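Quick one: the structure is below, questions incoming.
Chain naming follows the written order as A, B and C, and within any one chain the residues start at number 1.
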């Protein structure tokens, strides 16, 4: 495992927070994914060993929680909320706009490697539907038009200006 | 045996019938004592309770009490009114408490079972005709009882991996798996080999072995036993035989002094598999994979199919005559066996006495214990040899003392029961100096040197008993006939003792037991027929204090540890 | 008379100049209540919470004081507090506001609650999709620690407590308290069977544990501030305090609003507070308490008796937005997520959308929910895509009936209530779908957007 020193330091810091090591499984998965972009098999085994667990114990988690990626994604991850309030506000059209803009389907990475587009369930911002998360930033009221604008921003180096969150 | 104190019992009413059960007993077990079957998949008496299949839903009620006065609320007939819970409860996780009422035959319960059955079948391949679990499948069984008989599901079924090799002995068909998690819990809780788990979620949840690992621990086949459907199958038993053709015979696993209780499954003289037989005091519902392969001895390449005298196959009586002739010359020593049955050991002792008090040697067979059901003592009946007085100390690791006696010219004839003398530490030169009468089931190195070979039977081909590490006498029964040229060990030994000593000898387990009960204090009052299916612990007296090699196993603690030393 | 918001929890949310740092919070009187609380006996605080009658804001509406009373204090094991910040019930977006915009209010609520139940460790389980929220909380905890409001011997009281933030990773079931506990223990978030695993007795690490929603813990702060009896004067008996309502869907001004419980009706909420429907549209249906709550149809009349014995006769828009009233009309206040649908909505598609959520989120542990949720999704998706059958409506209802009440956790109800209520109340529309199946996939072509 080739983790950055900062990541390793954070890992060491988080484990003792819990009276039972196993509790640090999710925090470690997050830290490794933030560092490496996804959770490789090697990472599963490394985390298991770190927490005195069996690899299957971590594998069971990685495959349960959709936020963990088993393979690298695009440079940016676009998550379009598809649940009712967003759908009522047109999120399926928002997704279409992104798909067209990047020429790829759902759960796919665009041919140019710029983005991976996914549907996700309610992001708890239904009042500003439709909402989209690009990496860690929430974008509100993203209709088709706004999606196309965001796509342009993404393609320009540096990506979209962060919209206010919350 | 002490009966549980009255205060430990609670009375519950199931379908109108009262039953008193120990406090904490769950409703599935309580009902089964009344002969009421509550169908279930995920519950297993020897595993943790997770309540995931929902097949065991029942209606539950409690006697009503007036909150204000604390007095019982009575119904029109003067009985205590029952407050029935609006929702059904799972019987597997419901512990009996005093006054609890359970209904298992109501419309709601029926609907619950039908609902669960329908749900379990919507994504199931329904390939029973080609499934080798047929006949032992709880899904198939309950589908007949609670199934709709037709499908309301017209959508596409989920697709999952089929025919995955989980390990050297176990195959998995994920489409048949009902996600009960019994196999996962078993691996975690019994052999503590956490390799199985579920991946993905919801209806797409899939049982998997961690990629790169295998389900290969020595208990892997127990998962096949407890899988309630045909998802886990044994690579060995697969497709060989439909279970309903097979006859089960109770037997004992001979691989160590644990003496796991088993069933031997056979048809027309051929054994197809060995499975564990429940004994809560010995092996619960488990056994080791290694013990399941032992039936292969029966038809092994090197099986002794005939008795021999002077290197030639002869009928058993002829071989016995040759043996008696040798023994009558005197200077006999005996190598007994902790693999022989209790009855055989008793008769061998008689042979030793008749042969002028021939010294009896035994050799230890030890290995590493696994803490579960394979102990460090790799023989099934060392305690038997002690109880019968065949030996009075723990056997050494090699036959050095015998070797010295041979070197000193004290031994002319050697009776050997089921031992490999070279492996046990005698030298070629020492063997050259003695004439050997060898009773065994399989050829061993140097056997051609034996003057007389007596072909005996494996544990599967005869009846008898062993005394396990707990000093528990356990019976095994004959599952298949032995090879034509072999003879009952008891007959062989009884004949030798009788011919030498001039008095008649018992030669069946029942008759040997009569003699043992008369002669051996620990067996007083016992009969072969009277030994219960789960065995009986006998009083071992000082013998129990010997420094046996075994460490702790599933239901055994070494004497020192048990005493808290 | 226009209804007035009563902003207790959201007092500072979106207020000009209010920031989420400690200085700002202290300037607005922050942590004064904690300071007073640690001078009191823990039991007294519990007593105040009991008297306040404050009910859980996470969904089930269980009285917080009672929940704390059930904590097993005799076991000698440590007691844990878990703040449920998983906010995943579709239609709900209040906890997000508190976390992002007023985190110290939550931290203060947690500290007071910890002290009241004598917990030495609290975990905030925050959904994975709130990375920014997690950072804000971490920072807020550090700020509090730097002022000795958290950590060892807080405010010189001799009482020590640690708060940790723990992130989820995209699973609705982690909002269910025992699923949450399993997740926090590093396992698959399979909800536990109850009995025996009631969190108050056998919770986190098999120790007594109180699991409370973000908003609930904020209310505790105000209860201790005002005193239980005073707090209970807000709202109506049995429905004390304020309630944050999150409105989304087809209204002009979706958003979050805080009212004294029972102060306003659903009609007032939609028309007066949220600016009514889009022009030219009429109200079709409302889901009043998060997507799990049973749907209410415009034009229905609800009659019956309330707990206090008074009878009611309401139209949809007359229903007071409190726990008991919504229960009385066969739905629930749940998490406070109000989803409004106008006449452009295709109800089959709307249900298909909800069913897709539940099929995706079922943990898969128990048979009825695991298989039933996906089956319902498959049926409604097929119906939405032009292959509806007459018999589907009864089949759907029956599949849902085979789930509710028979599962390990309340997800079973959560996933079957939508289907049960949709097919009951919009039966005509489901049957029409089948009749019109030769036609367009959507029966509400007039300006509707696809929902599945």
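By our rule, a residue touches a chain if its C-beta (ideal position, glycine included) is under 8 Å from a C-beta of that chain, and two chains touch if they have at least 3 such contacts.
These numbers were taken from a predicted model, which means no experiment stands behind them.
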Taking chains as nodes and touches as edges, what kind of graph is this: line, ring, star, complete or other?
-> complete
Which of A-C and B-C has more C-beta contact pairs | A-C
When the C-alpha atoms of subunit B and subunit C are each averaged to a single point, how far apart are the two points in Å?
-> 53
Where subunit A and subunit C are represented by their mean Cα positions, the distance between them in whole Å = 24
In subunit A, the residues touching two or more other chains are 53, 57, 60, 64
By the touch definition above, subunit C meets two or more other chains at residues 171, 188, 360-361, 363
Listing for subunit B: what residues touch at least two other chains?
-> 198, 200-201
Can you list the subunit B residues touching subunit A in their complex?
-> 194-201, 208-213
As the complex stands, subunit A meets subunit C at residues 17, 19-27, 29-30, 51, 53, 57, 60-61, 64-68, 79, 82-85, 87-90, 92-93, 120-129, 133, 136-138, 165-166
Name, in rising order, each residue of subunit C that touches subunit A in their complex.
-> 87-93, 95-97, 100-101, 127-133, 164, 166-172, 183-189, 205, 246-250, 254-256, 287, 291, 337, 339, 341, 345, 350, 353-354, 356-357, 360-361, 363, 449-452
The residues of subunit C that touch subunit B in their complex are 171, 188, 190, 193, 195-196, 359-368, 370-375, 378-379, 382, 395, 402-403, 405-408
Partner subunit C, residues of subunit B touching it in the complex | 49-55, 57, 86-88, 90, 93-94, 111-112, 115-116, 118-120, 122-123, 152-153, 155-156, 158, 178-179, 198, 200-205
